[in-house]
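Structures follow.
Paired with chain B in one complex and with chain C in the other, chain A is shared by the two complexes that follow.
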Partner chain A sequence: MSYYDVDAILTDGEKVPCRFELDVPYLGHLDNSNGLKPGSRLALPLWLAEMFALASAGEDSKPPLTLTLPPCLSEQVQAALKADPRAVALRDQSAYFYGVAVRMLDLFDERELSAILRRTFVVRAADVGLHARKAEESGLGGQGEEFLRGLDEWERRLFRRGHEGVRGAKEWTDNVKKS
Partner chain B sequence: MYGDSGIKLVQHAKRTQNLAHLPPYQTELVRAVTREVRDLNKDVDDLLEPFQGSFDPSEDQAVAYTLLVNHISMRRNKRCLLAYHRTRTDKLEELVWNGADVVDLSGQQVRDGSSRNSTGLTSGDGSTSSLSPQEEDYVRQYGDLLAAYKGQWTDIDLTGSLEPPRDLFIDVRVLKDAGEIQTEYGAITLTKNSQFYVRQGDVERLIAQGYLQKLS
Partner chain C sequence: MALPLPQGLVPSEVAFLCEMELVTVVPRQRLESIELLSGSTPRLRPPHRADLPFWLAILLKKQRRANIVPPAWLHPDSLREIVTYETAIDVKDWAPPPPPPVRADGRGNSTRLNPYEDGVILSPPFLPSCTAAAPAGALPYHWFELAEMLLAHASDDIPSASEVRSLLRDLQEARAAKMRSKVTHPESHGEGVTSLRGVGAMELAESRGFVTGVAEGIRKIGASAETMRREEEEENGQDMDDDLSDDDMGL
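Here is the complex of A and B:
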């Protein structure tokens, strides 16, 4: 992940829900009120929330806000993924589903979640590869279309690579036959 | 919310990555982001003013966290700005390597200008170029640099096509007046709508620049 990586920047722009633990009168603009009270809830972009959750001013003071898992990683979504990873449209949860998940796992110690996500990716990646190979023959569309629309940004890249690979190999074999 | 204009800028950059040409420079958005940074900086100065340089974060946490938010927002905006410009300069470098120069890039202005009116993405100052003045400068200087680099090997064209030509001679049609060119077989005057049978190597660059069309 590079500093200039456009996808990384957009991933960082995804919002996560947090709860403020401190009274900060100057930051009312964050949730359009006149000052944040302890316990106020708001959704902050990841780039801001992460630094905030890790910051603390004194030795014994607690961090000014607590993070919670974003809705795209909620219990329901986890349960759905456990049932059948292929049936969930990850893009509807978040366009940068895996990106956000990886960033959250850096902050939370969620073994089960990481196991679910790993299995989700492996199962879905096989399907992505299958569709990438078939897209050449049947054209886009058919029963795979809905699945492909639900791919998150990372899986889309995987799909594109797979598709290019198949096409490249085909072009090459055609050329070999010709000459 | 701080950083919203920055996100828009990066979304533009993301779209740019998948395009063959370069969309118009987002003067307005860039200006909005820099203005935001300036405002944030002023906020920081105002907040710190009463402390006269003796600010202790653990004593006044509210101020400390406000400063933190402002600081992170500024850093975020900086990252967005840099990423946007870097995406564009990468694209420009690619175009220069493909044989485009400032004149070619200004050639696509007309098309961009018309699409811009429909999408409402005005670049603010009413100029028709899809490049900012700085970017035009960059292209010019990068082009010079590339030319100097290529000049070290006069017998090989580093930006030439990697595909070996199938025929030595090809038919071309002239799309735009290109004036007179010198070939091994004498001078040819390329006037619009005329057709020639020429050596491919002589006219490759003109094809790439869109003056000639290859007829198969």
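Here is the complex of A and C:
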């Protein structure tokens, strides 16, 4: 991941739900109250939440807030992905679904989630590859288009890479016929 | 940032390399031997066949000074056989590449035919995989590019060119589908190792981006689980060491 990777920066900006453990008096404007009380819930960008969740002031002090899994990785979404990965429009969950998920996997010890994600990615990659190959012939339509609209950024990049290869070979074949 | 060039060879580079393959021509005019960097070409005398580099053969073909003899695997029957293999006999792996040229002696043994010293194992483009002597029923490394260029420049030399064309399309689609299914079912082929035996150069250039993309995605998703597993393994290893030392103490 490059320092200038726009997708990585935008992934960092995705909001994740957190619960404050400390009293923070002067940050009330964040949730329109007089001050953040312990236990108040707030959605913070990933980079900030991660830093707070891992930070701790002293020897046995708790970190200022606890992280929870974002809604795009909720039980329901996991169950839907387990049932049929292709039927879920990942982009509606989060445009950076896998990016956020991988960061969450770094923070939480979620073996099952990791397995689900892996299967989801692989199953959907097969469809992405098929669409990347057929994109020009079938002219996109119906269910295919619906599926492509549900791709998250990782899958879009995969689609572009696959499509570029196919297009390169096709262009070469057409050029040979012309020359 | 990375170079703007894509990884690996692009299709035009693959096609350029393919032009180094030897093909068989039937000359129509005499031509003296030409000194090339890759060696000198054979002297062309009209009724006798000769093997020339593909680019030179196309040049002579365009000038109507030679006809190209298509390799045996480009015959519709051979292609149909390969399509059957790809779609019915082995639906997971690609059709195997052509066997190395062998010569049989009178006692039922065969030895590898090798113009160089022993121990040199030849691979394309130094194997004559596209000449008239090439075996039928197996696709060499540069099959797609060579077939396309032959169809474009020397279609009148190929028997039933239109049928060959449609069979090539079938093959290309069937093999591309195999590439996708192989890459996206890493479990079914044992621990993420995939054999690409028999895949052609152009197919590799075509699917390189997709294949590496999928592998990268799987790696990133599995990265945290992998580090966890490593740490556990390390801990277990230490535990085992402790046990051993305890045992030693007991003794």
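Going forward, the second predicted complex is superposed on the first by the 176 of 179 C-alpha atoms of A that agree within 3 Å, B and C clash if a C-alpha of one lies under 4 Å from a C-alpha of the other, contacts with A are read in each partner's own complex, and residues count from 1 in each chain.
What we mean here is this: a contact is a pair of C-beta atoms (placed from the backbone, for glycine too) under 8 Å apart; a residue touches a chain by one contact, two chains touch by 3 or more.
This structure is a prediction, so every number in the text was calculated from the model and none was measured.
Enquirer: After aligning the two structures on chain A, examine chain B and chain C and state clash or fit.
Expert: Aligned on chain A, chain C fits beside chain B.
Enquirer: Which partner does A:Arg86 contact after superposing on A: first (chain B), second (chain C), both, neither?
Expert: Touch status of A:Arg86: no partner.
Enquirer: Which holds for A:Arg19: it touches chain B only (first), chain C only (second), both, or neither?
Expert: So A:Arg19 meets neither chain B nor chain C here.
Enquirer: Could you look at A:Ala125 and tell me whether it touches chain B, chain C, both or neither (first, second, both, neither)?
Expert: second
Enquirer: So after the superposition, what angle do chain B and chain C open up at chain A's Cα centre, nearest 10 degrees?
Expert: Given the fit on chain A C-alpha atoms, the answer is 80 degrees.
Enquirer: Report the partner of chain A that touches more of its residues: chain B or chain C.
Expert: C
Enquirer: A:Ala55 contacts which: chain B (first), chain C (second), both, neither?
Expert: first
Enquirer: Classify the contacts of A:Pro45 with the two partner chains as first (chain B alone), second (chain C alone), both, or neither.
Expert: Once the two structures are laid over each other on A, A:Pro45 reaches chain B alone.
Enquirer: Per the contact definition in the header, classify A:Val102: touching chain B only (first), chain C only (second), both, or neither.
Expert: second
Enquirer: So, A:Asp7: does it touch chain B (first), chain C (second), both, or neither?
Expert: In the superposition, A:Asp7 touches chain B alone.
Enquirer: Which holds for A:Leu30: it touches chain B only (first), chain C only (second), both, or neither?
Expert: It touches chain B, and chain C stays clear.
Enquirer: Look across chain B and chain C in the superposition and give the shortest C-alpha distance you find, in Å.
Expert: 10
Enquirer: Share the list of chain A residues that count as touching for chain B in one structure and for chain C in the other.
Expert: Shared contact residues on chain A (touching chain B in one complex, chain C in the other): 4.
Enquirer: In their shared complex, at which residues does chain A touch chain B?
Expert: Listed in rising order, the residues are 3-7, 9-10, 12-13, 22-27, 29-30, 45, 47-48, 51-52, 55, 57-58, 61, 64.
Enquirer: In the complex formed with chain C, which residues of chain A make contact?
Expert: Touch residues, chain A against chain C: 2, 4, 98, 101-102, 105-106, 109, 111, 114, 117-118, 121-123, 125-126, 129-130, 132-133, 154, 157-158, 161-162, 164-166, 168-169, 171-173, 176-177, 179.
Enquirer: Per the contact definition, I'd like the list of chain C residues that touch chain A in the complex.
Expert: For chain C paired with chain A, touching residues are 1, 6, 10-12, 15, 148-149, 152, 176, 180-181, 183-186, 202, 205-210, 212-214, 217-218, 220-225, 228.
Enquirer: Within their complex, state which residues of chain B touch chain A.
Expert: Those residues of chain B that touch chain A are 1-3, 7, 10-11, 13-14, 17, 47, 57-58, 61-66, 68-69, 72-73, 76, 79-80, 82-83, 86-87.
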